[in-house]
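Structures follow.
Each of the next two complexes has chain A plus one more chain, namely chain B in the first and chain C in the second.
And then the complex of A and B:
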């Protein structure tokens, strides 16, 4: 048969129609979908024996007792420990620990930077190289130019670093400050000893919080949440005083918006009303016998903090202030909380003292539902390190950050002063810097200035487990084990008592990493002489065992050892000598009361930018896991854009609509943002979350949003020297 | 199992206290970790971001300073509908999702699902998610996978299972111990167990000894879109009237039942 054009076309049409009506294409499509669905790139989890191992989480200062679910030798999940232990609990960060353990941004081996590129080296080589450099510095009598930034100030690992610096001959051991440092100052000024307060929220019947992020990551979040739920069960009240409707404010029985930065003024105004109406006398405390400086304080607040003046400054209505005072003093066991947000920025000393006066006037120290004072007893009783002449010479040099001297007489460490010190001298006064358990290039305010300052330091050694912003600027990295891979003591509180928890390895280290405690000991040994003699332990484990002694058996069984002797009892009976001093010479020296203001000209920058903390975004040394970032709302991060919260009325003034792009400018920097209209924020105030805008880490986190520290500068608290910045002036322009 | 023991049907459900929920997101992470839920580099498009448990933020619509917000965790509601006719179950052409009368759990069988997504359209709670891509775990992270839950492939729908595998594990354990019953605390979902505020309470809604039994009767308790007749097994509790109102579409003059 001859195939002409006509028959060819009709055959084609017939075949098409036939195929369309036959099930064949559909069957093939279905088969191919099913077949490709079964391609082997969806992993099948390997089965194995399930087991649970208890440990103490050290991802935040909370130190919760948690339990890890394992399948054979792999970690699959972190869970709340099912026990009566007072410090058992878990939060979103603790739940993320398995992801953080296997994170792609873990540093897998010691690294050395050669011509800008990372080269793998062995632990031995790294230790030898660091020791060699340290020996050279010592030869030149420059031992004091070694500095160390430690994320934590408690426990044996920071103590080993501090000891190392001392034995080596440097006074420059600096810890990353937090609200806890200011808490200690509050009590060392008014009670003569640096007590750490624990607020008995669960047993209180009236909690008034001055911007404290009770449900936004403050203190031990798991315990704070538990306490808040007990408050709710008992139908007791929580009052939140804050410029923004935070999660804490939303859960509170009453939210009192206040102009940010004036919380201390409100507290002093409240104290004035209490004294004026003699409400403190209802509390049955022998006021004269347990306090000092009351008359002077009374005169001071009466003069400057009348209700009218306070209402004007704070923007809180007069009747709201008086009602708050009445409710506070009427309550059986009221408590006032201080320390802003989650407490990563130390904050204003006078503001916290002002709020704490309310606790003093309510007489709630060491009472159920009040403020419990714990002494910072150290369980670390090592013999003093042995010092040779070089070490003596070095440690007697002045501290670079100026802490403990002159106007900074109160502070022990002032990390926030370091960038300025570095930038003001031509050659770096630091020749070598150790960075452990911290990420200062990200977490410190005014990141640009910090970067400039630290770039001057010729040699940086990082002990980070992650390729974070600081580690990527280092010259040598000796990566630490992740907490699930290591032994470490964790200072915590169990209920209202001081405690020490024991973090235990749940799995063998999965990479070629080294415990920072071991790293210090090995470096000390490599240096020889008195330094090596000061570190006689074989390794960190031996040091820890020796330090914990008999406590270790308790910790092995119960995870925590509770220090029954660490509770302060001065107010328990009237006969004790501990008096609460409203004013004394030391307090006078700090020139009470000065509260810091936001940086920037009002004319040029009509808005005020404040930071907010969120449980879903980790803003400290530990950064977000992929799961955590997944929980962040699309009104906070969209693609890589960060949102700034703004009141719709303010937005209208600036011609901004929900989601519109804008340029945010502060005296410290500029950033492209988007706006999110939020009725829960005061007019004229804008807010942004902390913890985003990482340049380090993996693709699940890097490049998302802006690091608020690039936009906010530090403001030295005139009383303490710590960073007390709560915000900065800003302007938004639609683009 | 001993002979003659009565096997009463269970009706597992939740009561979530919205006065206690702080919106921290711990339940979401616990759920994802327990159930091998995948994650992508960009999860900001919430339409394709798989979250069996999702915490919504409700706003009361008022202006500053009367504005208020409330967080609402939303797992699968495990609707009973009328005799097990949950909205999703009724429309599934493959019996990939079914209502188990023994437990009250709405199942999802991934290998039966062929991805028509009728169930997603039928679900009034947006509790169901579609796998547009094959899940990818970065190198090393596949170690996190829980062997009790199978990872899903591209082209299927998934949703909260009330951690059904935990129920099976609890039953297995009871059987090994020679018991025919499990206690309330032996079977708890991952989100319930993780909630730091103890806002989520889980148990058998028909068992008088379980906490949920009495909690669900509180006058301030409500269910989402109750008037659709979906008969959900997740109850919410809030002392705030505007939150209870947000649970359904009320006309202006209508009042909530409480």
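And then the complex of A and C:
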């Protein structure tokens, strides 16, 4: 037997053939495929026991009843609470709450800025340092130079901050305004009490919306979507009046494009036709007995708001206006909605009053399908804080924002006036600023001006849970728990009734954060004296339990306590004349009806830039989650480029094609953008979404697009003083 | 040497060479078969013991059926291997004087530490399996998939696949994947086989791989 090369080849061939008849290759193939699934960087959710906890979402003012699904101690999903009566619902932002809870941009511990760098400190150290600085200010009789910007005006936490400022001696508690503030003014002026309107859209048969983003995040988005679906199921009509084909307009029965800012003019024109044709008489309302100032109003609209004039100003055809009026007044339960987009910008008081006159003429207050009026009853019945001499001296100083005084007599808070006040004085009239539940450096218009103003403030304390734009400018951060980690009362509505919901901790705080309510109480205690005496509660939980009293048991069970007494019943309830007042002395004081025009010279800036709101982009204090940003179309944002919508005909005039890069210039700033040709926008108008272009937060959000507030300035509403800017003039040049 | 003799010697050489080739071929086959069938399974699996031993017989006599410890939670999910919360009622104090019982009480119960049980039927995370659908709805017995573990007096040795990290019970004891009982294997084809028999269809990918 001779062993040669051939023998080894044969051995190899035999071994190969043998392997094919053994399990080895097949088993190895199977095992290696499973092995690839177990690489350490492949994310695998941990297994555990599933449980469900009900709570109230406080990410937007909607206050929805939600259910959180947990696996062991980890939050994995947020869902709508399965209930018909607990304001249950959820939107894309609420769905994102697990991502926001575990977000990398959460602030994990109290921080102090030393030479421009963040250094970790303990809660105790932070509270002691803030208290020490506050004591120094008091010693110098400068207690009024403490100011606080609060994202909300309702609930116990803002009330604790307001109480703190009062006990400390400062009148400068300022809330971030929204359309709700103007709603209250509308009814304050016409019915004598600051009622909050709830529009019964589901039961209406004809809804005219003056730019209200029913499907774009307005009010309580989940309830607005639900009401819209019922309206559609009932085959009733929705007419959307605005310059851009928004989601709401696209789903409406008719979209009436209008020159932005002239919506109020259209409403007054419609009122004129209703009065002229005596259509209001069809509504069987004893008009003289329930209204006041009608004759004067009639003369006003007859003089300045003829259908011809209105058509010219608004760009809406005369026949469209007349047809709209006829349909509106023919309907059994028509309702006119006001409040632009999602309602984060307060807007023009006159515009909203004008639209509300249509509701008055249709006689739909507190009727099915109409406008229901809720009292802003407070359930917070604390004793007044104890004031020492310094506090008395401080609170009697004038408010820095001028609210409630002179030409701003109507407003309670005017945050938009603060930058101007700060910039007009050499040294900052504010020595210390608390910022809670808000991100004014991002959300306020004219970012550059705002930044210049706030940089003057020597000491800023932020209570933000996130490293947002405002927190990153602060000197000390006492990070709040995320809403899934804390107790808090949330003011909401259940159906058409006012209610208070209870947000409950779903998980223990995952970082070394502190409830803002606790933070205020601890700072007050550290200051001692009458301030500490005014905060006798051990902690926020004790304060909340005492405030809610017996309501808490109901809230524990049902999530919400419904205020059955909070519904306005008849016109006779009104504190003034007991009538709906079209014109009265107070209204006369707010100057003649005007509409707010965009800032900028038409010659230099031939286009008009407007902002639009979207359900997919959170534009308030809570910023977009990575999940939400993923849902935004690539005609809005592509990688880091933001798109400006422009009508193809306008685009042709400026030699712009779809996707081309352009330089957008407004009187307030410049930005490199891309162009999206969109037939759903009026000629001469361009639009951009609000809520993008963050510089704070994390890599999922920072640097994506442009913050429209950097390009838009503020326009002080001549009637109320609130910011009423809906847009700005602009020019777009291809680059 | 005549021409004929030359040819015949050359033939013999060729025959001899042919025989050697076949022999080597067969040796190659034999080595591979031995490697694949005998050595490979021994190398593939490492043997591990459970942290403590456990008798299913003793427990089922004391507390009842499988679902006394392996129960369905209120929301329908399956609890799997019991946690200390289930054991603690009886085992706060040692039951009996075995070494395993001492370790269990002293090292786990007293320290409130979960026993890191090695799970014989653990499937990869890419597999979704609902016990409720099989046990409650299809009324299958536990034995159909888990065999006679419920009547065992001691826990079997856990053989861990060195490549995948999963138990040998998934592929089955038989390296060729041949099974005698339904519980001998827990691979996808075994699921499919049963589904085909019972409902006439193997099902779609997304039913299990969500």
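Note that in this section the second predicted complex is superposed on the first by the 689 of 735 C-alpha atoms of A that agree within 3 Å, B and C clash if a C-alpha of one lies under 4 Å from a C-alpha of the other, contacts with A are read in each partner's own complex, and residues count from 1 in each chain.
Everything that follows uses one rule, which is that contacts are C-beta pairs under 8 Å (C-beta built on N, C-alpha and C of every residue); 3 or more make two chains touch, one makes a residue touch a chain.
The model shown is predicted, which means the values in this text are computed figures rather than measured ones.
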Chain B versus chain C, judged by how many residues of chain A each one touches: B
Partner chain(s) touched by A:659 [first = chain B, second = chain C, both, neither]: neither
Chain B versus chain C as contact partner of A:528, first or second or both or neither: neither
First (chain B), second (chain C), both or neither touched by A:44: both
Chain B versus chain C as contact partner of A:32, first or second or both or neither: second
A:21 touches, of chain B and chain C: first, second, both or neither? second
A:10 touches, of chain B and chain C: first, second, both or neither? second
First (chain B), second (chain C), both or neither touched by A:2: second
Touching both chain C and chain B, counted on chain A across the two superposed complexes: 30, 37-38, 44-45
Chain A residues within the chain B interface of the complex: 30, 33, 36-39, 41-48, 71, 74-80, 89-92, 95-96, 98-99, 102-104, 215, 221-222, 225-226, 228-229, 232, 245, 247-248, 250-251, 255, 257, 510, 615-616, 625-635, 637-639, 647-649, 678-683, 698-700
Residues of chain B that touch chain A when the two form their complex: 17, 19-20, 22-26, 28-30, 32-34, 36, 39, 41-46, 49, 51, 55, 57, 59, 62-65, 67-71, 114-115, 134-147, 149-156, 193-194, 196-199
Footprint of chain C on chain A - complex, ascending: 1-4, 6-8, 10-19, 21-25, 27-28, 30-32, 34-35, 37-38, 44-45, 49-52
Sites on chain C touched by chain A in the complex: 16-17, 19-33, 35-37, 40-41, 44, 73, 75, 77, 79, 124-126, 161, 163-166, 171, 175-177
